[in-house]
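One structure is given here, and the rest of the page talks about it.
Chain lettering (A, B, C, D, E, F, G, H, I and J) follows the sequence in which the chains are written, and residue indices restart at 1 in each chain.
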Amino acid sequence: MTNEYLVRIDVERPATVPDAEWDAVMAREAERARGYRRAGVIVRIWRIPGTRSNVGIWSAASASELHDKLSALPAHPYMKIDVQPLAQHYVEL
Amino acid sequence: MTNEYLVRIDVERPATVPDAEWDAVMAREAERARGYRRAGVIVRIWRIPGTRSNVGIWSAASASELHDKLSALPAHPYMKIDVQPLAQHYVEL
Amino acid sequence: MTNEYLVRIDVERPATVPDAEWDAVMAREAERARGYRRAGVIVRIWRIPGTRSNVGIWSAASASELHDKLSALPAHPYMKIDVQPLAQHYVEL
Amino acid sequence: MTNEYLVRIDVERPATVPDAEWDAVMAREAERARGYRRAGVIVRIWRIPGTRSNVGIWSAASASELHDKLSALPAHPYMKIDVQPLAQHYVEL
Amino acid sequence: MTNEYLVRIDVERPATVPDAEWDAVMAREAERARGYRRAGVIVRIWRIPGTRSNVGIWSAASASELHDKLSALPAHPYMKIDVQPLAQHYVEL
Amino acid sequence: MTNEYLVRIDVERPATVPDAEWDAVMAREAERARGYRRAGVIVRIWRIPGTRSNVGIWSAASASELHDKLSALPAHPYMKIDVQPLAQHYVEL
Amino acid sequence: MTNEYLVRIDVERPATVPDAEWDAVMAREAERARGYRRAGVIVRIWRIPGTRSNVGIWSAASASELHDKLSALPAHPYMKIDVQPLAQHYVEL
Amino acid sequence: MTNEYLVRIDVERPATVPDAEWDAVMAREAERARGYRRAGVIVRIWRIPGTRSNVGIWSAASASELHDKLSALPAHPYMKIDVQPLAQHYVEL
Amino acid sequence: MTNEYLVRIDVERPATVPDAEWDAVMAREAERARGYRRAGVIVRIWRIPGTRSNVGIWSAASASELHDKLSALPAHPYMKIDVQPLAQHYVEL
Amino acid sequence: MTNEYLVRIDVERPATVPDAEWDAVMAREAERARGYRRAGVIVRIWRIPGTRSNVGIWSAASASELHDKLSALPAHPYMKIDVQPLAQHYVEL
């Protein structure tokens, strides 16, 4: 029994973080996110045009499991995250 | 595996609904809500002071199951509902 | 070249619309939505738990084409619609 | 005569606080929060998925007593706190 | 042990309520409010200039007691009420 | 002829202000506020539970006089202030 | 000693008010407003382009006096009013 | 010397307006809007996808002239209008 | 042909700007603002009580000219500015 | 098949960026923006009076293409960008 969630992630880079450190975090972030995509944790994901933000459909057994996955993202300390739970729609039944 | 949700319900009575009809809906509503409390669907529930709104902790296997329970409330047509998913906090582990 | 959009639809039934009329509109609405799903206009769609609202991923060649599809929904007169354009995310490339 | 409150706490770590100092504050914070849980000051508490925020049910004789408990939290200087008073709901009577 | 609350009340008269009925409700409302003032339930109350809204300091043993007083107001069905709990300030100690 | 105002003050301590300097400002702030209380400039004042914010009833002949009193507060540079003018309510006449 | 206020007035005509009645209210409203302008109660007033709303500078000895003037406007039952108190600016001293 | 404005218009049809009357207003509205387009009052105009709202670039000598044009729209009684003044950008000089 | 605008200016001093530099900017700011007042660019201006913000009536031939005047203010880099265009009101005709 | 978008860009200069570096970025920004204007990527663009913000009409085949153009702006790291998709309006057909 899995739940699907609509997850919006806004990324804000503090002025005090030097380029090298930021690029390293972003590289690890990309790798982790691609892993989640292969594992089906990220079902679909899009870029909000003009921003560093993204919106995606995530899948997890529970909100606790989803929290663990999100907090494990390398760029998590720089993220504002909003999670909207999703129920099945009759059109998809 | 159950999920807990923070559910806020604001009830708005349209001016066009006569007293008798409203009271009947509220009676069926109270009965259904008490049933949910006994069954553990409603874990805790409180009144927002001064209003007809309530906030509560609900439990369900998934957002789809939660949706079915909420839509089955007799007063549902008069409700604005906001659902916040809840993850476990280390303090409760 | 198609564009994907995140579309949120809130449905509000005026107190003045009788049950029979509302049910007829909802039946035609369900039929149209299922048609869009088969045609790939609706890529995915979910119910916002506890509400009559939905959020979905829609696909169209342009915002004008998307507008025509949305305005053709039988329940359109009772809808508040928000459309967020989506760009490709590197994780999906 | 105790009052129950719905308390939302958002934690924001300033970029200027070094890791060692932050981890020390978080350790003292966890200890204090577990103490409040044992003493019934914190009735229930959950993590908002994807964030460092939490929402909980707190119990105190008055808003003044609640204020003292909240201000005594080691991480209080880094917190934005919102307190919603809760009244009894007929379903729980 | 009493609690003080900052209570904002916005009154909205539906277009469907005839003058005679409205005036009768307002008369009973004034009487009830003056009673609360004499009894110290309403500590202070002011009009928000230009509106039918008011803001006041109310006193009650608990949020549940405050809820009962507010719901007993004759004009309650036409009210939007916001309650902010108040703690003691060192300047008043 | 005096006017009463509902004044909300949110205090935000910049990360760059060292403890010693902050404590000195707070000490002068407490002294000034107590003086205003004795002089009736502050009629009543409460702490918003869990925060460094306060809400109070202030009295002044005019908004200009109120401005002078507020700007003279030692912690004023760290304050966000909202002033709501208050008119007499018939219940207090 | 007079106070100046920035007053925004939004006018909303309910669908249930027939033209004749509305036009009569608007005629009395215009007359009253011109009277206030001559008397200096309205110092300046402008139309928010595209709307029935206005924003103006009003003068009164107190918020209570301002409230009486605003409530005496014939169209007051159809108004949402916001009052911002104004203090003297050094540039005008 | 003309000014350009960004004008957003949201159209809301009250439930009490019958189809025939609404269609007649919309026909006159379309005619007036096309006239404005030919005259350069409307420089460009777009539909907000999924809604009856539009956003456009309007041109007028002053806000007063713009107000007259907007209020003369046949569907004006059913409109919420927001006007944003626009200054020249160096890229267009 | 001049236009009048309602201009709100919020001033926020960054923690990194030393007193001497800030005072120098403020001195030049006061001088420039007084010049604008004499020239009729600033028609009226008030202080928002308790804050460093102001609200004023400005006059300019166009939004472009207004922009130039506002950007030329010495404290402009520390300002958040909102400009509301104003149309003539029948009460002033 | 191109899409038009209403794009609002707010520019915020961090206190830590020295003048020389900022001016260099702004020079490259101006050059890039003029290039986009010549190429028809920027159809029209205006300054929001009193601010460093702009609003414009951009044209791109898709949201992904628009994202690439916006992210390539030299000042992009200092921008908050909002993109509103635009559909054709009957008045322009």
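We take it that contacts are C-beta pairs under 8 Å (C-beta built on N, C-alpha and C of every residue); 3 or more make two chains touch, one makes a residue touch a chain.
Labels paired with UniProt names: A, B, C, D, E, F, G, H, I, J = Muconolactone Delta-isomerase.
Everything numeric in this text was worked out from a predicted model, so none of it was measured.
S.K.: Show which chains lie in contact with chain F and also with chain H.
M.R.: Correct list: G, I.
S.K.: Quick check for the class: compute each chain's Cα centroid; which one is farthest from the centroid of chain C?
M.R.: Comparing chain centres, F lies farthest from chain C.
S.K.: Taking each chain's centre as the mean of its C-alpha atoms, which one ends up farthest from the centre of chain D?
M.R.: Using the mean of the C-alpha atoms as each chain's centre, the farthest one from chain D is H.
S.K.: Compute the distance, rounded to whole Å, between the mean C-alpha positions of chain D and chain I.
M.R.: About 42 Å, centre to centre.
S.K.: Could you put a whole-Å number on the gap between the CA centroids of chain B and chain D?
M.R.: Centres of chain B and chain D (C-alpha means) sit 24 Å apart.
S.K.: Check each residue of chain A and list the ones that touch at least two other chains.
M.R.: Those would be 4-5, 15-16, 47-49, 63-64, 66-67, 83, 85-88.
S.K.: Any two chains that touch count here, so list every such pair.
M.R.: A-B, A-C, A-D, A-J, B-C, B-D, B-E, C-H, C-J, D-E, D-F, E-F, E-G, F-G, F-I, G-H, G-I, H-I, H-J, I-J
S.K.: Which part of chain H faces chain C closely enough to touch in the complex?
M.R.: 13, 15-16, 47-51
S.K.: Show me the residue ranges of chain A that touch chain D in the complex, using the header's touch definition.
M.R.: Where chain A meets chain D, its residues are 5, 7, 9, 14-17, 63-64, 66-67, 70-71, 77, 79-83.
S.K.: Which residues of chain I touch chain H once you look at their complex with the stated criterion?
M.R.: Residues in contact with chain H: 1, 3-5, 61-64, 66-67, 83, 85-88.
S.K.: Sort out for me which residues of chain B touch chain D in the complex.
M.R.: Against chain D, chain B makes touches at 4, 6, 30, 33-34, 37, 42, 44-49, 54-57, 84-92.
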